[in-house]
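Each of the two complexes below includes chain A, the first together with chain B, the second together with chain C.
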Partner chain A sequence: MASPKILIIGGGPAGLSAAQDITDAGGEAILVEQEGFLGGTPKRLHYSLLAPDLKPVEEVLDPLIDSVQQSGARCMTGAKVESVNSGRNGFTVTISGGGKKVEEKVDAVVVATGFAHWDPHKKYEYAYGVYPDVIDFKDFEKMLSDGNIVRPSNGQVPRRVAWLLCVGSRDRQVGKFYCCRLGCAVSIKQAMEVRRINPAIDTYVYYMDIRTYGFWEDKLYWKSMEEFGVKYIRGRIGSINRGEDGRLIAMAEDTILQRPSEVPLDMVVLATGMEASEGTRETAAMLGLELEEHGFVKPLESDSMPVSTAVPGVFVCGTATGPKAIPDSITEGSAAAIKALNYVRKRSIKVQARA
Partner chain B sequence: MTVLQNLPRRGPKGTEPSMVIGGARPRDEKTEELAAKIFSEFKSDFRYKEYVLGCINCGECTTGCPAARFYNFSPREMLQIAYQDDPLVLLDAMQEKIWACCQCYTCNMRCRFGNDIAGIISVMRELAVRNGLDSAKEVLKPYSRILLAVMTNGTQVSPDMIQPDFFADWGPFAVAKQTDIKTLRKAIPIDVLQVTDSSWEVSMQTSLELFQIYTESGVVDMLKSIDPDLVEMIEDIVDEWKDEFEEMKAKYGVGEA
Partner chain C sequence: MPIHEKNLIEKEDLLEKEKAVVDGVDVSGRWNTFIRERLLSDYHEDFVEEVKSLPGGRTVTNCWQCGTCTSGCCLHTDYGLREFNPRYFIYLAQIGNVDELKKYGDVIWRCISCNKCVERCPKGVKVEEVVHNIDEVLRRRGVTEDTPGSRWDRTYLDNIMATGVLDELGLTLKYVRAEKPEDFTRGFMARMAVKIIRNGNIRTGPIRRRTRGWKKMKKVAEDILERDGYASAK
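Here is the complex of A and B:
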């Protein structure tokens, strides 16, 4: 039996993890990534530190990228899967990249096409794109990576920065009913990072609930208060105005004091939610995968078979099936790898038995 | 067992209170009866299910609320009261707080759960009027002149009556805008008849038909519980008109001259 050949679409944490495990198990992995580099969204948007241990992204992802590149997996960056046709003996895929098209025969496909940050322009009350000092997660991560926290409007160091949770999540108005799972943790992490870089900056988090699951509770939520002095205000900013001095004015209700409040702020960071990326939607359409009600890829059984899909030979992992943290995506990549390898092995046994 | 005494009594199916927010309160049979009645009417209103979905306490409704800035009032609190199951708390809110709302519907625009908060407040107001609550009487007292005009004429102002001189608080900008108002009105892209002076002269037939509608739809009965004197006065006027109308019909044949 020839070694199983598996196509992985997407070179983020999940796809990398799948590629590594497939090659480690003696399989042949073809990793297709649309960007010119591996590492996915965390690398593309220059994420700074990762929750909860405040480890730099490079420290987490670079060893994985290196080991994938050294493992003998075929990494095609700047490439795109054009078409997938399933036949009797696996799939025939067309991959375009670098101005030419390649055709490959593979036994199974792993979809690791990831997520996109929700676009906060759609929530006009927050004036994202109107007031330069209203920024979102990806803008602030970039700012933290550069180590340069300044107000985009005037280049000065802010005195007060606030985070507004659940922008584009848990909101019927924008059609995003689900929780993004990471907004709380990432906001708190960013606030801690700010306080560490410059303790003179006051940080506030406007929240409805703080959802720091499991170990994140003490490692992030409690620690941010005890050691970093991050302040929490229960209640959401309903709209952002700008005062005469150019500072932002956050209109909110403090739901503990039960009164409306207006607080002058220098910067507001919108904790934008997660939605299925364009690549995920396109790939799902190409492979005939069903989407679930939130627009992500629907697993065969979300409880018992989270990485299998209704299409035989196609597996899915990472944020393509819903909001997830990087460790979870890496775990799911490994799970999809073993499921794909087992699928190929079982099929070849069947083929042999038939012959 | 004092705890058991404070448990709410069972009401009709689907409308029984399941929880008491405030705990023990001084009991007054009459108030509790009224509260239970209003509570059951409120929860069985067909709009209730449509307007009140749930609440995650984000406070965005209160953020934009103009009334919340000036009064001890918050749309979030109103929705919580509407959602929770305490008849006495509901009655308390209906006695005062619901009247602070100015029905601008900003809360509805903001609500990420999709509640119709201003809508449910208007349902509460309607119930307050229907049940003749003191608060409703108090609030509607200054409006009896307007009510009289609306109930008999169907309108109480014509556009021409609204002159800037009467409303000093409009400021100079509004006055400047008024100078060319006739031309501006002509620019309205839909057909609005351009009639601005005759809303006081509604035809008698129209007035009588309107009153018929008010009677059949229960508006007159609703008003009776709030201001019986006013209703009496209106009925006198309408009766007079009816006679006059009959006379006219006899004199000129069918319909109005």
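Here is the complex of A and C:
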């Protein structure tokens, strides 16, 4: 039997992990990534240190990228899958890239097209895009990577930075009913980084509840208050105004004091939620995959078959099926790889039996 | 207009005027009640730093406001002193809300150091020490005056600094003479003395004991106290 040939769409943590396991198991992997590089969203947006161990992105993802590149997987960057046709013996796909089009026959497809940041412009009360000192946390990740924490409005070092959790998450008003799972952890991590770089900057997290599940509790939440003096204010900011001196005024209720609160802040970082990426939606439409109620790809069984789909031969992993962290995305990549390999093996046994 | 959440309005924030004129309009009568603004308009980070800098204060930022301490606090529950809420004092300290803390100036010092809160706090806050530090910082800043609690602390410190060993009898007599607490009648004192001498809870007698080599150790203790700003040590 010829070695199974599997197409992976998306070269983020999930797709890379799937590609690695497929080649390690003797399969042939074709990895198609639309950007000119591998590593996915963490690389594209220049995240700095990763939760929970505060390791640089490069340290976490570069070994994975290198080993995929050396494994013999065919990595096509700057490329997109144009069409997929399923036939009796697998799929015929057209891939375009570098001004060329190629056709490939593959036995199975793994979808790893990831997530997108929710656009905070839509929450106009927070004046993102109006006041330069209101930024979202991908902007702040970039600032941390550049090692330059300054107020965009005047280039000065802020005295007080606040994070506002759940922007575009857990909010009926914007049609997002789910938790982003990472906002708390990433905000807390960012606040710790700020305190480490410059302890003179005071940091506040405005929260409804803190969801640093599992080991992220003590590694992030506890540590931030106990070792870094990050402060927590229970209450969701309702709107952000600008004071006379150009500082931001966060209009909130301090629900512990049971008082209105209008405290001046120098910068507010919005912890924007996750939604399915455009690539995820397009790819789902192309492959005939159903979306679940939050707009992510619907797994065959969300509890027992999280990486299978209703379309035979198509598997899915990572944030394409919902918010999750890098380790979970990597684990799912491996899971999708073994499911895809088994699918091909079982099918070829059937074909042999028929012959 | 009905006032919502009336329970949140504190008496001293209610202003009622016999005659009130606003922008030339006479609003006396039904409309003459005003509520002082309760807005939280700033944080004061230096307060918590000061609480932290005193011995035992480091854990003040560990608190996540769960209320375990308050729910078991003897003062809050058994003695019914509901205003004594260590959780709340800690939050006010965290955000540096001195105005609000000031209202509790005559309450915070009343902690009897049973340490139940310290035993129970899931975040390892040294609640008892932290609350004492908050009280101490308020006094150092002149927000609150001396209280029976702070005077007790000073008498205690002076007593132990004299010889290195606590002289309970001397301590009690000195304090009671100075403070004249209502409940401490002669009869009460006598009955208490008999009880605690019998059950061995008090170990001082007429002869004052001292720690061997106390002179040298005292110097070290004084230096530490001075470093931490407890001026009365010398």
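In this text, the second predicted complex is superposed on the first by the 355 of 355 C-alpha atoms of A that agree within 3 Å, B and C clash if a C-alpha of one lies under 4 Å from a C-alpha of the other, contacts with A are read in each partner's own complex, and residues count from 1 in each chain.
FYI, a residue touches a chain if its C-beta (ideal position, glycine included) is under 8 Å from a C-beta of that chain, and two chains touch if they have at least 3 such contacts.
Here the structure is a predicted model, which is why all the values come from computation and not from measurement.
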Practice task
Would you sort A:202 into first (chain B), second (chain C), both or neither based on which partner it touches?
Solution key: second
Exercise for the section: Scan A:172 for contacts with chain B and chain C and give back first, second, both or neither. Expected result: first
Exercise for the section: Considering only touches as defined above, state whether A:258 meets chain B (first), chain C (second), both or neither. Expected result: both
Handout entry: Contacts of A:301 with chain B and chain C, given as first, second, both or neither
Key = neither
Practice task
Answer with first, second, both or neither: which of chain B and chain C does A:103 touch in the superposed model?
Solution key: neither
Problem - Which superposed partner A:53 touches (first chain B, second chain C, both, neither) - result: neither
Practice task
Across the two complexes, find the residues of chain A that touch chain B and also touch chain C.
Solution key: 254, 258-260
Problem - chain A residues touching chain C - in the complex, by the definition given at the top - result: 160, 202, 204, 222, 225-226, 229, 231-234, 254, 256-264
Problem - Footprint of chain A on chain C - complex, ascending - result: 8, 38-43, 45, 48, 59, 61-65, 88, 91, 94-95, 97, 100, 123
Handout entry: Complex contacts: residues of chain B adjacent to chain A
Key = 56-65, 68-69, 74, 76-77, 110-114
Problem - Contact set on chain A toward chain B in their complex - result: 125, 166, 170-173, 208-209, 235-239, 251-255, 258-260
